[in-house]
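Below, subunit A partners subunit B and then partners subunit C, in two separate complexes.
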Partner chain A sequence: MAEPILRLSGLTKHFGGFTAVKQIDLDIEEGEFFTIVGPSGSGKSTLVRMLAGLEEPSGGEILLRGERINETPANRRPTCMVFQSLALFPHRTVGQNIEFPLKMRGVARKARRARAMGLLRLLQLPESYYGKSVTQCSGGERQRIALARALAFDPEILFFDEPLSAIDYKLRKTLEKELKDIHKETGKTFMYITHSLEEAMVMSDRIGVMRDGKLVQIGTPEEIYTRPRDKFVSEFMGEVNLLKVKRNGAGLHCPSLDATFTGPASKGFDSGYLVIRPEYLRFLKPGESAENQVEGVLYNEYALGSRIQYQVRVGEQVFLVEKLREQRYHGRLDDRVTIGWEARDSMLAPE
Partner chain B sequence: MGGPGKSRGPGRMGGWIGAWTLLVIVFLYLPVACGVLASLSQSRYFGFPITQWSTRWWQRTVDSIEIGILIQTSVLIALMVTAVSVVLAFMGALAFARYDWRGRKIFQRIVLLPIFFPQAVLGLALLLWFNTLGLPLSWKTAVFAHLVWIVPIATLIISIQVYSFDAALEEAALDLGATRWQVLREVTLPVLGPGIFSGALFAFLLSWGNFPLSLYTTGADSTVPEYLYAKMVAGYTPGVPTLGALTTGGAAVILVVGYVSWIFMRRAQGR
Partner chain C sequence: MSTLSEAVAETSVRPARRMPRRRLFSPGLLAALPVLALLAIGFLAPLIAVTAFSFAEPRSFTVFGAPTLENYRTIFSPANTVYLSFVWSLVFAALAVVLLALLCYPVAYGLAHIFGRWANLITLLLVFPLFISENIRLFGWVLFFIKNGVLDGTLKSLFGLELQSILFTPPVIVFGMVYVYLPFMLFPMVLGLSMVPREVVEAAGDLGASRLQTFREVELPLAMPGFIIGGLLTFVLAVGAVAESKVLGGQSVIVITHDIEIAFTYAQNWPLGAALSVLLTAVVGTLVLLVLRYLDLDRILGRR
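Now for the complex of A and B:
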């Protein structure tokens, strides 16, 4: 593998007595779309601010193409960030915003304008926006302008600090895909910060899940989705069924249901959680069976657009079952139902 | 009789609002109009109705060397106060509203205290202090006295703008390759511009119209408000309302010129 464009080793940041980022080791490959996911307060923003040069590390090293840049100030790093608030200059037009990094570098006006026009086209904004005030642009347009401005800088790495968090759902979905397309188009290294694993899944080549200042799992979206390292990661993925279990011979004993299940093969697992995604659970008709099955009451159902989600209660334990709308389960609420799943469709997560 | 028509309601309401607005304007501007009328009287004494009209006092006022010097002194003081207070208030406002530091809360309170101090007492206190220090009283000590009262006000005005300033703007500019100096010139100053401008305008006008602080601290020099007061107390002539109208008009012209030049500056900027 080639030398990573960015290498973090033991990167740490203290604020007074509080440690926001703890001993992060990470390699980012050239041209990669890497996303850091974590809940608020996990230190992901602090991490990216250190990488951009807006915060000085307390310990460890940041190496850009093998060169230590810990003390290099933000304006001398070949990296650029798209801020959460976007930080568009309100007193400037769209064109002036995009040209800002070029103007700072002393690029001639004509060349600046040509570059800005090219970026407007790339971001699918009309060229007439060049002279428009940024305060008159819509949320989605402002996102694109901020991205165009960052691209005008021509950075080696582009950082994104949750720029889509304030955008409504539908537009966000569009912009996520657009961003991935821009990544492909430009071939640059992107490093994205978000609290939404769903958002990370759509765009990323690799994802790092962050918690309490540490990276708890790094992997492709596929790996994170199918093999979450622990309960935290698997819950972060969205709604899952978690059963607290203990190894008992060949099976897994679940005290809350007083039942023993068969799980996937795993060495060294002693106690933790059995994770079953709602879409892997199915309703069993009389006469049908599955490797694992429980009986409960169909408590409620929720329409989630293309899918229907069912809540099944087995004693105190709540199970979520999801079916495509075409394969919906026809049953009356409060009826007794049997649900089941295959061992290979479940995962084990340590505490 | 007859139910109130649906369309008549808002119409009548609009009428009331119009009448009220007119009343407020009359209330605010009638005294000014009276002042102008009084300045156009031929007679030496103040009284309505005016029996004989004349522009004699306007002529005299404009020609008077004494009044020329008064205006010069007032303008000089106001300009000095504006220049110094804008610089101090800009930095103070950043400390006040932008940066978090130990003692900021106390600073926020202490810095505003002089505003609430009665000016007559503040003037006297400053006079005593200047005497203790052995400083000769002149327009220069008046500049200092004005600053004590005006810098906090200008700081407050600029702070309001600083509060709405997204700190990420400066970080973004830095991140996009701007030097510290470029960040200040290209982002901080232009974005805070309206606040700095209104702070400057207020500083100028408050200094221009200040009487109590000047009274104690100008020494042998005299400002326009001081002269007006002295003339009112002893030796009224229609020259008093004339000068009053003149300075009010002058202040209005400064406001308009300031505003227009501001608009032009904005337009030219960034080209």
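Now for the complex of A and C:
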């Protein structure tokens, strides 16, 4: 494989006695869309601020194409960041905002304008916006302006620090896809920070899950989704059913249900959680059977649009079952139901 | 039956009667009433009185005679040197504003971005002198600057330096203004600087702007409203200042406010003093209005 565009080795950041980022090792490939996901306080923002040059690392190295840039100030790094607040210049027009990095470099007015117009077109903003004040633009438009301004800089790597978090759901979904399209169009390396795994799944080539300053798992969205390394990652991936289990011979014993299940083959697993996604559970009709099955009461149902989610209570344990609308359960609430799943559809997560 | 119809008539009439009353006493107007009254009594009435007096017969004490332009004629007559007082006042005020801006910027920047939890203590220390009367503080400086005073005496005994006393010279007047009006420049500046979002400044650097470019392109224009307010405040105060030139400047220079005071007191020429006041108000008012035209007050008060 070619040399990574960005290599982090042992990257660490302390704030007083608090360690925000602990010993991060990571290679980012050229042209990749890499997303770091983590809950608030996991150190993801600190990490990206170090990469952009806004915080100085306490330890470790940042190598850009093999060259150490730890001490390089932000304005001398060939990278650019789209901030959470977008940080547009409120006293400037849309055009002036986009042209800012070019102006700083001394690019002539005419060339600047041509580039700004090109970027407006790329981001599907009307050219008439060139002279408009940024304070008069809508949330989605401001997102696009911030991205255009960053692209005008022509960075080697573009960082994004949760720029979509303040946008309403529907627009966010549109902008996520647009961002992925822009990534394809420009071929640049994107590094994106978010607390929403859903957002990460839509856009990324690879995802790094961060917790307490450490990268817990790195992988493709597929890998993270289907093979979460531990309980934290699996829960972060959305709603899952977690059963605390202990290995018992060939099976897995679940004390809360006092039942033994068969799980996926996994060496060295002793105790932890059996993870089953709600969509892998199914209702068993009389006469049907599955490798693992439990009996409970259908407590409630929630319509999620194209899918329906059911809450099934088995003793103290609550199971979530998710079905497409056309595969819905035909029956009443408070019915006694049997739900089941195959061993290969479940995952094991250590504590 | 009749009582019922009366009751119906009353209820049906009531809303129609209430509507205009409600508009007359809107809550906003009611809330503004005390301030409006205060402004009318304390601001508008004196202004009208002074303006009226400026058109009165020279050396008279009544405004109800035939209006005359005699006072203005006196001021503008070539034999009169009162224009020098105007010039001194404006020059002193302008110098004080420029010096204050240069002096306050680093402190304001520190208070807004660097000093952190120490900022409150420093603010308190800077406000503290305001609790002491301005005149007493200025007389303190007289003792500091006077011949054989603190400065002179120290220099003499330590270094054997014999300096001419700078007390009662124009530079000390400017010093006094800078000293007295420092908080009025500093705090609006702090406000202005803290209105600049940190991420916007970071973004400028991230987009390749040097420290100086960031200051010129982003920090300065965004903090400008605070700077302008501070500048206006100190300018207006300094133009109207009289104590600095009297106490620290001795009688070396007569500023316009001093002239006005003389006209109203020793000279017993109220109409002349009033005319000078009107002219000063006009000059300063014009300057302030010109500056305010370029200023969005809504933004300063946090409304966008």
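We take it that the second predicted complex is superposed on the first by the 351 of 351 C-alpha atoms of A that agree within 3 Å, B and C clash if a C-alpha of one lies under 4 Å from a C-alpha of the other, contacts with A are read in each partner's own complex, and residues count from 1 in each chain.
Definition applied: a contact is a pair of C-beta atoms (placed from the backbone, for glycine too) under 8 Å apart; a residue touches a chain by one contact, two chains touch by 3 or more.
Bear in mind that the values here come from a model prediction, so they are computed numbers and not experimental data.
When the two complexes are overlaid on subunit A, subunit B and subunit C occupy overlapping space and clash. Once the two complexes are overlaid on the shared chain, A:Ser85 sits against subunit B and subunit C alike.
In the superposed model, A:Ser138 makes contact with neither subunit B nor subunit C.
With both structures placed on the common chain, the touch criterion links A:Ser40 to neither subunit B nor subunit C.
Once the two complexes are laid over each other on the shared chain, residue contacts for A:Ser306 go to neither subunit B nor subunit C.
In the overlay built on the shared chain, the residue A:Arg149 is in contact with subunit B and with subunit C. Contacts of A:Asn75 after superposition: both subunit B and subunit C are touched.
Of the two partner chains, neither subunit B nor subunit C is touched by A:Ser289.
By the document's definition of touching, neither partner reaches A:Ser128: not subunit B, not subunit C. Shared interface residues of subunit A, touching subunit B in one complex and subunit C in the other, are 52-54, 73-75, 79-81, 83-85, 87, 89-91, 100-101, 103-105, 149-150, 153.
Across the complex, subunit A is touched by residues 166, 168-169, 171-179, 182, 186-187, 190-191, 193, 266, 269-270 of subunit B. Contact residues on subunit A toward subunit B in their complex (touch as defined above): 52-54, 73-75, 79-81, 83-85, 87, 89-93, 96, 100-101, 103-105, 149-150, 153. Across the complex, subunit A is touched by residues 197, 199-200, 202-210, 213, 217-218, 221-222, 304 of subunit C. Against subunit C, the residues of subunit A that register as touching in their complex are 52-54, 73-75, 77, 79-81, 83-85, 87-91, 100-101, 103-105, 135, 149-150, 153.
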